[in-house]
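What follows is subunit A paired twice: with subunit B in the first complex and subunit C in the second.
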Partner chain A sequence: MVTRSPAVNRPRSIGRSVPKKDAAAKVTGAALYVDDLSPEGLLHGATVRSEIPAGRITRIEFDSAFDWSQVTIVDHRDIPGNNCIALIEYDQPALVENEIRHADEPILLLAHPDREKLQQALRAVKVHCEPLEAVLTMERSIACARLVHATDNVQKRFLIQRGDLEAGFARAHKIVEREYRVGHQEHLYIENNGVIARMEADGSLVVEGSLQCPYYVHKALMHLMGLPAEKVRVVQTVTGGGFGGKEEYPSMISAHAALLARKSGRPVKLIYDRMEDIAATTKRHPAIVRHRSGVTEEGELVAQDIDVIMDGGAYVTLSPVVLSRGILHAGGPYRCPNVRITGRAVATNTPPNGAFRGFGAPQTLFAAELHMDHLAESLGMDPLEIRRRNLYRLGDVTPTGQVLRESVSASECLEKAVKVSGYVKRRKALDAANRKALARPAGKGPRKVRGIGLSLVHHGAGFTGSGEVKLASIASLDLSPEGRPRALAASTEIGQGTVTIFSQMIGDALQVSHDLVEVAQPDTLRVPNSGPTVASRTCMVVGGLLSQAAADMRARLLEFDPRGWSDDRSFRKLALRHLKERGALRIDRQYQPPSGIEWNDDTYTGDAYGVFAWACNVIEVEVDLDTGDARPVEVVTANDVGKAIHPRLAEGQIEGGVSQALGWAILEELRWKDGRVWNQQLTNYIIPTSMDCPPMKVIVVENPYSGGPFGAKGVGELPMDGPAPAVVAAVRHATGQWMDEIPISPERLLEKLARLEEALT
Partner chain B sequence: MKIRCRVNGVSREVETPPMVRLLDMLRETLRLTGTKEGCGEGECGACTVLLNGQPVNSCLVPACHAEGASIVTVEGLSKRGKLSPLQEAFLHGGAQCGICTPGMLMAAQALLQENGAPKEAVIREALAGNLCRCTGYVKIVEAVREAAKVTRAAAAAKKPARKKKAAGKEKAGGKQKPAMKKAARKKPATSRGKRARRA
Partner chain C sequence: MRAALSRLRVVREPNLAMTARALEESAEGPRPLVPMAGGTDLFVYLNAGALPEQDYLDLWHLDELRGVIDTPGGVRIHALETFANLRRDPLVKRRYPALAEASSWVGARQIQNRATIAGNIANGSPAGDSLPVLLALDARIRLVRFSAPRDVGFDTFYTGYRTSVRHPSELIHSILLPWPLPGTRQYFRKVGTRLAQAISKVVIATTITVQKGRVTRARIALGSVAATVVRVPSAEDALLGEKLTPAAASEAARRLRESIHPIDDIRSTAAHRLRVAGRLVELAVADALR
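Right, the complex of A and B next:
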């Protein structure tokens, strides 16, 4: 198409790493996070929580020696609407009425002008309970040790079937069956959950805070407070990290702050400290994944029978969709004609698990990748070779029957990562070096061995199946009073670069600089519902809508004055003239599914995603045989993101995702005691530091997607999927030990190594 | 208790209970909210400020320790609205969500004042007490190296040509220099302030 561009020579912004727009305020300390705000008359809020995982409240005792006169106290009877946090199902109460279903469940809310006094008040409340038998593990839940959800403790069940499983197994030369386990993971955003709520004179409610999805909170507050949409306003403040941890939980904390604000008539700030945040908010779902697969002598995958169990926790929250993405990725990026995948999310008396970067896929891909290695081993084949023989190529069909029509880069990512890392040579070299190291007896200096492992993953871009159609997101572009193009969307900047890439995409489409573009603060009073900031969809889906809106705006402005504009100044002049002569200019664009995408929610067949992103990770790990310490020493990661709108930000997403995955693989373990998180501090829940994270070679592969703006297909979650199985493969290469459960803590690894030494002696 | 100290080069008298955390004195009494709280137990480093040139976790320091001291917070890094080379370098991916950035900048500033050309391993060690969950530290380490490079280049460019100005500039930052030296070379952020907290 020939554009009527008045400035064809101007360098475009897409694909260039311009300065991150929100960073200037962040490096000076000027950026205001929720805890930096202190409105007049502020009260501080706190939450009284259950200390047991299951039971019934018999009595709540307020210490009569304490002065309660200045304390606002809220319980479930103060809820004007429905006592539930509206999400997929409406089963989770904002405040316990009688039955406690998990430890650290909110029961009462307190507010006081003074934080010290508030802490004293918290200690002066005693909740008396009659305990019930707690179901704390997935195994006990499945065994129905006690019914905590419906008639079988299953919150959601899925089945995917394709081909003839028995015929597939009949063709197999080897059949391998194994079980894999992954544990909880805490998001550990450095800014804890927090909000401020206030009631306006007209009875409307305003909540501002650290959150990813303003309209999720908006919906939850309408139900809770019994208010119409226009009387609830949710504003995102600068947010110190999310990773999914501020997807659904902010609805809960906002509900609490709102109730306190309503009862006290004053603004209430509710900010968790680290211990409360770790104990009470959502985590990554632990999972048990069982694989039984068959391969032919040539290494061709002919049958996959996979069972996925995820621990949903005490309430349904987002578990059905997490499970859905989990099972849709459970087979790994490999073609297999005969597949059965079953999935269950089961209820336990533990705090609900929720959204976390990758959303179920890292759990199932971990198992799929490890299982691929086991299959290779059963055949005496190199892990690289078995992947080359089975990986998805253009035209292949997934277990849901989706034909992969475009942007399939499994092979390209694999080969690039293998080449850059020198995987094949390195593997041989390490074998020789390890033999030497192992020959050294214990007690005679450090015994360190190294291994190198790889993994290949795919990640469905955007919402699953008909999710985007149901959301029907709207994003808008208007002209600010200063004559600048202004993006209006509920998509939040949580560090990943939303504001910058939106500006780049709009700027390029309008042929002005990205600096001229404004991105409005997400505020439900002012921005349309462009959907939640999740599922790696912000760039691909919302960025796409904004790009289209910008193209429309350009056409409208050129229609107004065909002479157009040649730079930012002349654009503003023209825009201001338009505002004066024709009034406001606002373009709304609503999501339209790309043609040819079919999905059936009932049979779980069809196009689960418009497209997949791809990644290969090659990781070298050093293991200290005496301490059991496994340290990643080098990472090579090739990621196909379609198009990197901003290469440095894309790299930042990849590097951050990889390090979070390395933490999950090696360091991060939640310990539980009687249903409560035991290590709820940063001293004992360990995340990677600058000395734990290895240097990374990031390869950005750009295989464009026709349905994404400029070809982009999302990057946020993909880097979380692959590193853990690559680390396990490397540890296996180094030590000969399979760690089918993560994290590979020194305790776990030493136990395996000790058993090995025992067997050897 | 009345505490007299210099904050970002300005003399201040602060009325505060002596055992209030320095973090709260800065954020609440002085309304310098650039310094952040991430854990309240000296693990995350988000609250790092310079106390007499040394990086400290301000959540572990009682306000009374600030008596007579010179404190620099993130708000004190830019001069007359101009970003410092370190701040400038963080605009390109070193800051994502930004909540660790103020502390990270202060820890890096302390390092660069001591070592104008730190190697990667040295940077990583100096920042090991500052947790970042967004970046995997790659772009942060790059930013610190870049800032060191820019600062060195600027110093090299200034020295022969304009002696007077260069001397003036050094004086401005020079106040902290003796203190810097005093700060043990290994002010390892890792052991900077671990404190067991009752579970």
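Right, the complex of A and C next:
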């Protein structure tokens, strides 16, 4: 029985931008990344990879002039368990046995005490192959130019249906049909993939490295090494960014390091340099999205027929779930009674595409948003107006039949961004200015035009459908030996602020300062499986579990001593007394779905997500008519995240996500040569620098979600979804040209503009 | 780092004379020394493991190779002048604004602090940002060897893709930029892959001299459109004797598009380069009109 409430005067830290807890160590260089670690007896590992996208290995030749005595060599025969990276399907080998299915696929592993000698050893191996016809594009895959997966090259199919499509089209005043395309994108985290593996004397395996999801790696290593759970330990080291690129790939590099460590009996460090990381690791899925939709004369959306194709690459990896999120967002944030959405992930002889911030949604939302603009144009309606008429409002129903019960902010985000940007006035002003600029002939100086475009997006918070229920995440809170509350979770800090926001949420619930709270290093030996650090779920789901655990701990401590505590010191005193008198205190909380959430995986109907986050982007772009360069000059972005636990971090996520999206829209293009990634360096895979990023006005909208801690819904992916279609809309406004494929490279844009000019003259 | 750094030999001599002698002596041997200035390009190649094992001759400490000097024939820029210096040197800014502008577009600040003008020349990339400016300004390159110096016109310096008349025993000592003629307008524009830390898709430098309303001299130099930086005499001729009009500009652009044969590569396409190069000539002429 609680007789007295402890002091409540402490200012809450939720909603305040407290200092980021990991910042000091990172800016002073004290933080140790995996490549900073050098355990005794360390060997360096390297990977021999395929140079062709498809073929069979005929012979592996080791240069006899090279001294191989100090080299550990591993091939598929050295795998004690199953030769696969266990994920959704078990189709991807850790090492090629015979058939090469994509360029830069791992074939052999080498380890040597000396990094330079290792490089020489790499050059002294020659893999002879008999090439097979490579299927490098989605079109070739669908045409079954050669079968690279199952009987039809399709890795996964989905169908969502609602209403009566034919009846919908029958009601339509205009029907618009178009195809949209988006390309690969490289994550370009600052720190490349890297791990260290070692075998302990008792036969257990320890892997530490730069990764997002310790338990994914744990599962993959158990299968590969034939080890029971307790004999595999995975520890996250300080990690320099992920963006999804360290969701599934670390299982592969960890597998390789583990095999080398097992064979050599020494710790093995495997670190990719930038070229290897770009060439071999996952990318955002390219997609082709076709829309056929109908609108009434008043602009009411009455039918949407959407087909989504994603390039899964050579193995299934996470493509089914990426595709799932893609099709679940494919209609855009608009109500439509008659919908059919089909989706296919198809196999190609390219490195598997994988998780990347937004996870399929940016691809389909790009198409959905551009298509709304095309629909508006077919009616002679402003893009803003058609959105106002169709956007989701409370009580609307999504294509899966989900009723939007709470926290629906499409309208609020749209109106805020439109107001702050002065979209309506600016659009008119630019129209006039552009007419003048376009009237100016070439040869009389620089010609630049400007346009302004907007987009509206939603993003399902947390795992899709029954994902969270299946995960059944557990997060724990205990008392450290020093009497500090300590979070135990597998959620990783990858720069986004996990450690800080966990501390804030626990601190507030316990009424101590966030500084007092410890967050344990994610280590599968010590922390429960709170699920992967993905899907914008860290704050909403795991943060929620920890908040509940903290409330429980508070009750338990007050039960122990009803006098409670008034500050950090008295909390620690009480906690230490508890540890001494009653022993350890640990609270485990397991995920429970909010009531009323139902999802059917077979029919793809029901509540796809507990809630959606919302965003509107208004972007002004300047196009240089002489060079075809499109440069964003101002961004206004309104994002409903439910609750910003740490406003500065939330804004940082938004600014970073928008920048990444601008890169995808304008600059970033993966180039291929003979089936291999051609631009593997920072000098030729072009991401925006600070010079290329425009000023941004970030508006944080807080429309709370009852199922999230303090109302939070997640922010990590949302900002990636909307900027690309807004940029294309702005370019259309500026130049009259529709760029239905991104990136809008200057090459493509100038080509279109020049053809137009040539046609006019 | 894919290159074996521990196997790199870097030779460092106390002064220019001894450095030149070391270079000349090594040139006859099996492993000629490779002069190294700021090392900004070299490092990228070493990291990619794209260079043969070779020995380097460090120049960075040789202050004799620094300085921007006013001479009767023009300005002499010594080899190790960095782009950070050139973008803010008052003399360069006043007399050769195109070079100051080009210097400000090299890489980014960090690169500009190390990268040198002689390094840009010796590296010989057709995308070198400062090189079209040197062509347009009729630069002369002073090469030195231990035995004797010689001067070479920059327009005859390159013999092919990353090859030049510089003998392995010679160092680039300095660059002489003749005084610009009265009535000369300089223009520089880099069209790169982004606004900083970028390599050019097309880069142009022009000098156009107008006397009594007519063009008396024109230099149109481009980078990233051929195996070396190039001047385009046919386009220059189109302007000679003409008034600066959009018609003259478009004729120069037309001739330019006929004369150059850029290629598709990792950064852009031939078609785009051709189109942009033509536009840049028109912009250069429009700029000279102002």
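Here is the rule we use: the second predicted complex is superposed on the first by the 756 of 761 C-alpha atoms of A that agree within 3 Å, B and C clash if a C-alpha of one lies under 4 Å from a C-alpha of the other, contacts with A are read in each partner's own complex, and residues count from 1 in each chain.
Methods note: contacts are C-beta pairs under 8 Å (C-beta built on N, C-alpha and C of every residue); 3 or more make two chains touch, one makes a residue touch a chain.
These numbers come from a predicted model, not from an experiment.
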item: Which superposed partner A:751 touches (first subunit B, second subunit C, both, neither); value: second
item: Comparing the two partners subunit B and subunit C, which touches a greater set of residues in subunit A; value: B
item: Touched partner set for A:683, first subunit B, second subunit C, both or neither; value: both
item: Touching partner for A:656 - first (subunit B), second (subunit C), both, neither; value: first
item: Which superposed partner A:627 touches (first subunit B, second subunit C, both, neither); value: second
item: Subunit B versus subunit C as contact partner of A:445, first or second or both or neither; value: second
item: Which of subunit B and subunit C A:691 touches, first, second, both or neither; value: both
item: Subunit B versus subunit C as contact partner of A:36, first or second or both or neither; value: first
item: Where subunit A meets both subunit C and subunit B, residue numbers; value: 273, 678, 681-683, 688-689, 691
item: Residues on subunit C engaged by subunit A in the complex (per definition of touch); value: 1-2, 4-7, 44, 47-49, 108, 191, 193-199, 201, 246, 249-250, 266-269, 271-272, 275-276, 279-280, 282-283, 285-287, 290
item: Residues of subunit B defined as touching subunit A within the complex; value: 27, 32-41, 43-44, 46, 73-75, 77-78, 83, 87, 90-102, 105, 120, 123-125, 127-141, 190, 194, 196-197, 199
item: Interfacial residue positions of subunit A with respect to subunit C in the complex; value: 116, 119-120, 273, 275, 441-446, 626-629, 631, 667, 671, 678-679, 681-684, 686, 688-689, 691-692, 746-747, 750-751, 754
item: Footprint of subunit B on subunit A - complex, ascending; value: 17, 19-20, 22-33, 35-36, 187-192, 238-243, 273-274, 494-497, 648-649, 651-652, 655-660, 678, 680-683, 687-691, 693, 695-696, 698
